[in-house]
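In the two assemblies presented below, subunit A is common to both, partnered first by subunit B and then by subunit C.
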Partner chain A sequence: MIVQSTVLAAEFPPSVEDFYLPSILPWGAENNYWFTKITVLAWVAVALIIVFFLVTYRKPQLVPSKKQWFAESVYGFVRNNIAVEMIGPRGVNFAPYLTTLFCFVIFMNFFGIVPLIQISPNSHIAFPAILAVISYVMFIYVGIRQHGFVKYVKNSLIPPAPWFILPLLIPIEFFSNFLVRPFSLAVRLFANMFAGHMLLLVFTLGGFAMINANALLAPVSILSWILTIALTFLEFLVICLQAYVFTVLTASYVQGALADEH
Partner chain B sequence: MITQLFVVAEAAAEETKHNPILPIWQEIVVGTVAFSVLCFVLMKFVFPQMEKTFQARVDAIEGGIKRAETAQAEANELLEQYRAQLAEARTEAARIRDEARADAEGIRQDVLAKAREESDRIIAAGNEQLSAQRESIVRDLRAEIGTLAVDLAGKIVGEALADEARTRGTVERFIADLDSAGTAGRR
Partner chain C sequence: MTGQEPPPDKRGDDGSPPPDTGAGMTAVTYLIAGMLVWGGIGWLIDRYVGTQGIFAGIGAVLGIGLGVYLIVRRLGA
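Presenting the complex of A and B:
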């Protein structure tokens, strides 16, 4: 925490600019985003996940080793508790993508509380937006392939309601199904990660601000730092929850697209 | 959420440089490529493999259960068979025992009858022998008594002229002879 605050040399209160770190290559350049801490972390997440799964699943055994069991239980969790639970037997086909999504989101989120890293790429909306767009395209594509374009649009726009309410319901359905869904998916994840990082910044930097302002405020500073640790645990909860929510919502959208009736 | 809105509002007031709700296109490119790589590797090499392993495991378990069921059925059948055989053997043994008991009784009766017959026969033979001996003894005695009587009569006639004392002596001598002859004959 101390290292981070001295490295950032951030002033109190923290601002949005604290999320936009200088470029690593070329070193220190502002507004150059190809090679920043954020993109590096994204690559690291991808690399770690790939290495983890390839190493643990290089030689699968019928009776699994501990590592293999762990990798299987990650996949099994998403497969059985999200994909099959939400979508039904056909959910097995979506389990690989949903597991990939889940692992990616939870790893990226997790950088938010790793000491000395402590920022999640998902606190930049670009990453949640990509995932949300993929989910969006996926559920619409699945729906059209299942029902055909016209029937799918009809299914998803026209709820079973008396005809005279339909003029009111159809725009609402359209708005909620085709406009809000990707946006809410992306913003929910992004905002949680953003707010989490901001909270940690506020409590960490606030501690420094107080102890710098007056030495008598030192106990309050310490309380503030203790709270930072507590909030880190809270963040851990949020991290897991958001990864789960993102995956479950994607599965639920796919389920809605596959369902026969509204 | 509230914090985020607050921060956004504050940032908008203070800074116009970055808007956190607008994605940076370089990051979109990087994120897309990175996530595609991840999807490609995991969905092509890892998770299908896992599905295969799951399937193999299910097969193995179901096969095992089926094998166990077959073995169980076989064992039950064998058990039934053994039980039937055992019951059969028991009745057979009981039958044989009864037969043996009946045989033994028959044999005992036979032996008893034979023994009784034998003893009867022996007794009869003894009786016969006894009566035959008695007959022959009586016949011998009769012949001897005749001879003796003749002897006595001869001696009495021969010494009739002697005195009475002598006569008496002769008679006594004869009887003593008779006695000793009788004792010797009896022996």
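Presenting the complex of A and C:
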């Protein structure tokens, strides 16, 4: 047990330090975070998605094979239940992007509960932040292309209200439409994955800490590890939900940018 | 989900917007944004004038009122 605890290389109260994994290239360098497990996982997620869709769509058949059926289900789910549902008929145009986004987020999140990997790159704010920036730039671009710059800004900043109250309302509109949106998109995903990893760490390492402190606490330790497994299943729910929420909100923002005045 | 029929009338631009596109999220955002924006401006005034927080309080109340008003105008019938 003590050996295992040192293998995990983490002290009991887990801290933010636990999210900064040792450098792989150069091997074992101190305070070097350019190429760590996180980097590897991000690229693995990208590679897996590309390979998965290439393989499953290589020889598409009218009566799909199992793999093709699965890939088509994923795409069909995002297209019909997110893109078209949220954006309307034009949502089909955005289905490829939304599917990619959905797959990427769910893969990245899923690393959080794969045994022996058990950390999601999305538990670093950088990854959700970049994804949020992509969505942010996209819905603004789409809105400007649809309405023209002036009309888009007018649509999104000026609510239907009497003129004398507008100076009070426009700052709120600006804040909620252009500042809160990307921020909440990124933070929601990041915080969920961060907290999930933290929770699993607390229960796993807490078990070791208790059994090391007093052998009589062994039953509690075992209970703690069982709870880790239970929490892993809970985490699976969070993973799917957050990937879905991220995609749905992106679609919703695109819809808002495309819509005419309410 | 599994039957892969493309949705009917695809790529048509007309058609009513979908019923509920994140309206709940928008409403919550307006409430919080109203409070933060005008509360924040009030707080800045407080710092500038040197008062203890009266303007921040007024700003937050005003902001939440404006947030409710915005929700009514933007999302109401």
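Here is the rule we go by: the second predicted complex is superposed on the first by the 253 of 262 C-alpha atoms of A that agree within 3 Å, B and C clash if a C-alpha of one lies under 4 Å from a C-alpha of the other, contacts with A are read in each partner's own complex, and residues count from 1 in each chain.
Keep this in mind: a residue touches a chain if its C-beta (ideal position, glycine included) is under 8 Å from a C-beta of that chain, and two chains touch if they have at least 3 such contacts.
These figures come from a predicted structure and were not determined experimentally.
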| item | value |
| --- | --- |
| First, second, both or neither for A:72, with subunit B first and subunit C second | both |
| Contacts of A:175 with subunit B and subunit C, given as first, second, both or neither | second |
| Partner chain in contact with A:259 - subunit B first, subunit C second, else both or neither | second |
| Partner chain(s) touched by A:248 [first = subunit B, second = subunit C, both, neither] | second |
| Larger contact residue set on subunit A - subunit B or subunit C | B |
| Touching partner for A:92 - first (subunit B), second (subunit C), both, neither | both |
| Doubly contacted subunit A residues - partners subunit C and subunit B | 72, 76, 92 |
| Residues of subunit B that touch subunit A when the two form their complex | 1, 3-4, 7-8, 10-11, 14-15, 17-28, 30-32, 34-35, 37-39, 41-43, 45-54, 56-57, 60 |
| Residues on subunit C engaged by subunit A in the complex (per definition of touch) | 1-2, 4, 6-7, 9-13, 15-18, 21-22, 25-26, 29-30, 32-34, 36-38, 41, 62-63, 66-67, 69-70, 73-75 |
| Subunit A residues within the subunit B interface of the complex | 13, 15-17, 19-20, 33-34, 38-39, 42-43, 45-46, 49-50, 53-54, 57, 60, 62, 64, 71-72, 75-76, 92, 95-97, 99-100, 103-104, 121, 124-127, 129-131, 134, 187, 190-192, 194-195, 198-199 |
| Touching residues (chain side subunit A, partner subunit C) in the complex | 69, 72-73, 76-77, 79-81, 84-90, 92-93, 159-161, 165, 168-169, 171-173, 175-176, 180-181, 184, 248-249, 252-253, 255-256, 259, 262 |
